[in-house]
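Provided herewith is a single structure, encoded as structure tokens, for subsequent inquiry.
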Amino acid sequence: MKHISKEMQACIDECLRCYQTCLGTAMKHCLETGGEHVEPKHFRLMMACSEICRTAAHFMLLNSPHHKHLCRECAEICTECAKDCERIGDMDDCVQACKSCAASCRAMAS
Amino acid sequence: MKHISKEMQACIDECLRCYQTCLGTAMKHCLETGGEHVEPKHFRLMMACSEICRTAAHFMLLNSPHHKHLCRECAEICTECAKDCERIGDMDDCVQACKSCAASCRAMAS
Amino acid sequence: MKHISKEMQACIDECLRCYQTCLGTAMKHCLETGGEHVEPKHFRLMMACSEICRTAAHFMLLNSPHHKHLCRECAEICTECAKDCERIGDMDDCVQACKSCAASCRAMAS
Amino acid sequence: MKHISKEMQACIDECLRCYQTCLGTAMKHCLETGGEHVEPKHFRLMMACSEICRTAAHFMLLNSPHHKHLCRECAEICTECAKDCERIGDMDDCVQACKSCAASCRAMAS
């Protein structure tokens, strides 16, 4: 019935996992821990990362040829978010989800 | 780091699976098959179902107590979508995803 | 070409205005002011309010009969958000946008 | 309270207007008219256009520096959508909203 390639399905899975991890972590861990976890630059990056992951997945599901551009942007923001989460520390789930999603999106974009 | 309960994580998974199935099926199978697959009532219901699933998952990730209301609405729309997909036929993936998501959301809403 | 009623278009406008005000205020004013502006309960409510407004508008644009249920939920969350913004203080734009959106959604839901 | 520049607010307004026009037109006019209005390539482009407009507005509201990349992509998809709507005909509202949004996003992206 559906005909999404295995590679694209794997990328959708990565995007939706990273969306969940970034949004869930921001709204629980970051808000409850406070301090540098809610510094504007970091928190905005977490929200931007979850949103671009959600949107990249959406474009793949829409079957739009523009999904490549969204995946390229997703890879960039995820890479930046992974670095910022490493800088803050105690955010290993986010770091891993972002790195893994960035790799998958980079392959999809090329 | 995150503290989402197993029950809620399972419901998020169901919602995001149903979101993917309904949106992906509408944009590929329904558009390419045409006929009653693109009749306004059916197609709108597919889009409404994918959107409420996406939103219910989002509210659980936001850790908002209002997620129960969104899950209740999600269960209703999924149930209606499952019936309409059965009526049209050749949409077994959607029927299953909608029924499974409805059951999970109904439990979460209570 | 389009045939959205005046009443529904006005409600979509209110929802998208409240979505903008809550999200924009949370990501600028609340994050930069800190203190009780980033207390988890308040910040989550701001995010939930912006998301339900975005979704209620989407359901009206989808032309789904379920928009009434989303509008009812939107009215509830907006009312709660207006009260919480009054409690915190210095958030007059949000208070007004939430109250105005709640009134419009309540009428649309009935 | 908020400090969004006039130029950015105008771009958010254009994006949310184009989002409404494309989504509302697709779900009413295109589905009800049928024929080439629901040909997969055209309909997917309408959905992709409404989604990128929604997302570009969201990134501006998030106050993320990545909004420039989303606005650039939004300008591209809107331009493509305007052309396809002209090709199909009887979609003047969409053509105008897409062209106007593309111009605003192109300026924001530079």
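Going by the order they are written in, the chains are A, B, C and D; count residues from 1 in each one.
Just so it is clear, a residue touches a chain if its C-beta (ideal position, glycine included) is under 8 Å from a C-beta of that chain, and two chains touch if they have at least 3 such contacts.
The shown structure was predicted, so the numbers you read here are calculated from the model rather than taken from an experiment.
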* Comparison of A-C and A-B by number of C-beta pairs in contact, larger one -> A-B
* Structure fact -> chain A onto chain D, same sequence, C-alpha superposition: rotation to the nearest 5 degrees is 180
* Approximately how many whole Å separate the CA-defined centres of chain A and chain B? -> 22
* Structure fact -> Touching at least 2 other chains, the residues of chain D are 27, 40, 44, 47, 58, 62-63
* To do: Mind listing the chain C positions that touch chain B in their complex?
  => 40, 44-45, 47-48, 51-52, 55, 58-59, 62-64, 66, 69-70, 73, 76-77
* Structure fact -> Within the complex, chain C is touched by chain D residues 1-4, 12, 16, 20-21, 23-25, 27-29, 54, 57-58, 61-63, 90-94
* chain A touches which residues of chain C in the complex? -> 27, 31-32, 34, 38-40, 43-44, 47
